[in-house]
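Here is the structure we will look at, set down as structure tokens.
Each chain carries a letter (A, B, C and D) given by its place in the written order, and its residues are counted from 1.
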Amino acid sequence: MTAHPLVVDFLIPVLKIAAVILYPLVMVIVMIWMERRVVALIQGRLGPNRVGFEGILQPAADAFKLFFKEDIIPRQADRFLFNLSPVLVLVSSLLAFCFIPLGESFRIKGYTLTLWVAESPVGLLLVLGLSSIGVFGIIFGGWASNSKYPLMGALRSVVQILSYEIPLGMTVLTVIFFSRSIDLVAIVNHQKDARIWFGFLLPVSFVVFWISGIAETNRAPFDLPEAESELVAGYHTEYSGMKFAFFYIAEYAHMVLVSSLVVILFFGGWLPPFPNVAALAFLHRIPGFLWYLAKIMFFLYLYVWIRATLPRYRFDALIKLAWKWLIPLSALNLVAVAVLRYVL
Amino acid sequence: MNSPEDKHPFILTRLDQAITWAQKNSLWPLGSGLACCAIEMIATAAARFDIARFGMELFRASPRQADLFIVAGTLTRKMAPIVRRLWEQMPDPKWVVAMGNCAVGGGPFPTYSVVQGVDRVIPVDVYIAGCPPSPQGLLHGLMILQKKISLSHPTKDIGLRHAR
Amino acid sequence: MAFKTIDLNMGPQHPSTHGVLRLRLAVDNELVLRVEPVLGYLHRGMEKLWESQTYVQAVPLTDRLDYLASLSNNLAYILAVEKLMGLEVPKRAQYIRVILAELQRLASHLAWLGFMANDIGAMSVLLYGFEAREGVLDVFEAYSGGRLTVHGMRIGGVPFDLDERVIGLVRRALDEIPRKVADIEGLLSQNRIWLHRTEGIGVLSAADAVAYGVTGPALRASGVAWDIRRDVPYSSYGDFDFAVPVFGHGDVYDRYLVRVEEIRQSLRIAGQALENLPPGDFRARVPRVLKIPPGEIFHSIEAPKGELGFYIRSDGSDKPERVKMRSPSFLNLQALELMCKENLFSDVVGILGSLDVVLGEVDK
Amino acid sequence: MLDDLKDAPALKRVEESLRRRFGAALLAASFEKGELQFEAARETLSGVLEFLKTGLGFESLTDMIGLDLVASRPEGAGRFAVLYQLYKFPEALRVRLRVAVDDGEALPSVTPLFRAADWMEREVFDMFGIRFEGHPGLTRIYLPDEFEGFPLRKDFPLEGRERGL
């Protein structure tokens, strides 16, 4: 029997929207805790372990405290842009999560529940577009704070994001050659049918995408726009209270976004590993969503690991890396994949 | 009535206790150090004494995002207006810890260029003696500050705090 | 179209100025045109204070000069007073002083390694450096009770003898530090980003180094083989054999290499001094109220930051008429402008870190 | 010729060449506790330093020390004195040059000769009020510019004059 129309048309979409907003926030909370603990353990110390069990409530305490902080706007700041930029950054990151499929759709009593809010044939383009809108927030924020360090942070992030969008885009093209569609769900399904993940098929694309992804989210070793030892606190120097929390959460949300993109494009979203090995068939019984989560956690761990070990690039080296190495490499890779794909 | 050592921090509390619980456990110090005490402050944040257990290891470089101003070292006359401005730049629920004899009362320098105590420039919440205070001394002072925060009523005395 | 340079203010409150140093920079987008250090934010009037206190009272004050190397300050001041008095210190006291001074050099270099790596972005090395340094601070705490401002030397010798516990801690530190430094070196020395951020940056030629009065590791990195411990031996440094690392390029990477090599040499010296520690008493007889006949001397030692010298002039009373401290960081910092020309803004942070400047000593 | 210089041949040569070069202008020479010190008049200061640097190879100016001798100065001599501590690299030789200065008098700046002297002269000016002609930017180095008085003078109280803060 089909479910009651009220449930189908109203309750489930509302629940899904709530899930889409909650999912990244929960991931961000876990991510903040994990980052502080993992960086601490890498550095030989304990990290927060007094707030709640093993410090799990630490991000909650941070967010709650930031909520009650005084909200300061510098006098000569451009008020409208100053207030707009944190919203721009956070909304663009959270909005992109609507198009990220979390798992296979399955049927409950005749109704197919799809684990994503909006499935669109151009899902990949939308996600990439939204993730680059976040940059505007950083630029407006840096400029609007009307002080020198944020301005330099904003200038740096402009050039950095521009030069790393190009390799990002090109590597995504190589994936589309194989999946023939830019619908995220179709990409994953295609990897399921071809019984091989694109990551193994296009290793170069994966590496270039991952490096550009780190640069896109301003994370070490590319964290120049908010380089603490040089630009005090980079573009969000003048932000305090909840506005700063928006930037803080948006940065982590953006990291989760890039990790999920990597997982979907190159490591077969929710597909269990080793599909063609008969002996490991029992892996299929574990629901797809858990696989997806495990892969994302691995990449988030990689983010933190890299941040804790590598020193920071200098600005010109960062640009040189993009223009002299990543872009030519991804262009070559694009041509090679095209030739291989259509000649073989 | 409201015992500071509440067992269920999050669920069964009044708003005041919830706010103070959050403020107490997420004190982000301002990454500023004046003199010798700053080295001991960094040693407290390092691996052996690990201030991160209290959630305080995020030393914010910008005063806008800091809640706690640990004045670690000798405050000179030339530096006093800058420390005053740093304190004013910090958003409101903020606390000041005077670390070391120099910050508490001029320390071993009764000279023409040293301010005999930080409380002549900014209001101080906790004074920590020592020259420099050992990391354990600093941690003890910070725990006292946490107790002081948990006994305060944020929703009632926001206005008062400015009068101090 | 005259382009407008940004006047940037780095300090006195800035994450990587290591204390209250203010740099007034004229910056064209990222290129540094002019660097002008502004000092005095930690000027405590130390020299005036010394003139109103007795010779003995001044020793704990010297701890607070270069607060990362308090024992070296003690040693420099005390050797100057002893030279003024013409006092000969027993051999055992000299050896204990060498051990303490070399351990202090280890602690200072390890702290520097942590700060500089943190400035260039390798944040974990700050924690590793400080963890290794804690081993040395255990020795100081066991010996005289102080971690940072140790006050571990007196006029005429050392306050306490090295008992078994302290010697055990020294041995433990000397065993563990090489391994920890090797870890840090593994992380940094061949790291491409590190090399790129340090090689060829902030070059200081030998002639400029001598002209600007730069001393210590910065001078040796520019190719001038001058180390007071070897060239003008004091406190029986002549009895130990150790190498003085000298490199030629005078850039940030060479200053890093010189200091890391000096850590190994200090381990060797401390080890040798510990092995053949002579018997005998550890402190010469010094009258309680110390009056020094009129005279003046200048004496300097090789502190971790460079040549740390003291000029003392006595007028026969129990208080010195004038004490002038020659601070290595003060003169090393003067060469910062020369090194930062035509470099990028993020290099100023690296260059300042490689100079290992401590404001307590610069501002006195 | 100082007699106890015989066990320091290198310093003896320095002392001889200085005497030959400047003769009477070299007011005094002393050799105590192993340190050779010369006294020169204000006018011949640059000449002596020039000769020491180029002629005898003392390239490094280790330190500049200001003295307020208001209590212990002999009659008629200037109130202040400035000492230049020089150093010669290869042979590790130290020489000190002393110049007497009265209150209000100025000294020629040696910055063109020794680049290191820039900040040292500013420090002596900041602490004693001795002016240096020809110095590129003679301002206070430690104390704020509006600070009155010169702290290291003997008549300046330790805790300072204006007890504002």
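Throughout what follows, a residue touches a chain if its C-beta (ideal position, glycine included) is under 8 Å from a C-beta of that chain, and two chains touch if they have at least 3 such contacts.
Quick caveat, the model's predicted, so the values are computed rather than measured.
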Chain occupying the most central position, where position means C-alpha average: C
Of A-C and A-B, pair with higher C-beta contact tally: A-B
Farthest-lying chain, centroid of Cα atoms versus that of chain C: A
For chain A paired with chain B, centre-to-centre distance based on mean C-alpha positions, whole Å: 35
Centre-of-Cα separation between chain D and chain A, whole angstrom: 65
Centre distance in Å when chain A and chain C are each reduced to the mean of their C-alpha atoms: 45
Distance between the centres, which are taken as Cα means, of chain D and chain C, whole angstrom: 25
Chain B residues counted as touching two or more neighbouring chains: 46-48, 61, 78, 110-113
Contacts with two or more other chains, residues of chain C listed in rising order: 14-15, 40, 43, 45, 48-49, 127, 131
Per-residue multi-chain contacts in chain A, two or more chains: 43-45, 228, 232
Listing of all chain pairs that touch each other, if any do: A-B, A-C, B-C, B-D, C-D
Chain B-touching residues of chain A, taken from the complex the two chains share: 36, 40, 43-52, 55, 57-58, 60-62, 64-65, 68-72, 228, 232-233, 236-241, 244
Parts of chain A lying in touch with chain C, wherever the complex brings them together: 39, 42-45, 148, 152, 155, 220-221, 223-224, 227-230, 232, 307-317
Chain D contact footprint on chain C (complex, rising order): 39-40, 43, 45, 47-49, 51-52, 83-84, 86, 208, 210-213, 224, 226, 231-232, 294-295, 297-298, 300, 307, 309, 311, 313, 315, 321-322, 324, 326, 330-331, 334, 363-364
Of chain B, residues touching chain C in the complex: 31-36, 38-40, 42-43, 46-48, 61, 73-74, 76, 78-79, 82, 86, 108-114, 131-132, 134
Complex contact set, residues of chain C against chain A: 6, 8-9, 14-16, 29-30, 117-124, 127-128, 131, 187-188, 191, 193-194, 196-197, 344-347, 349
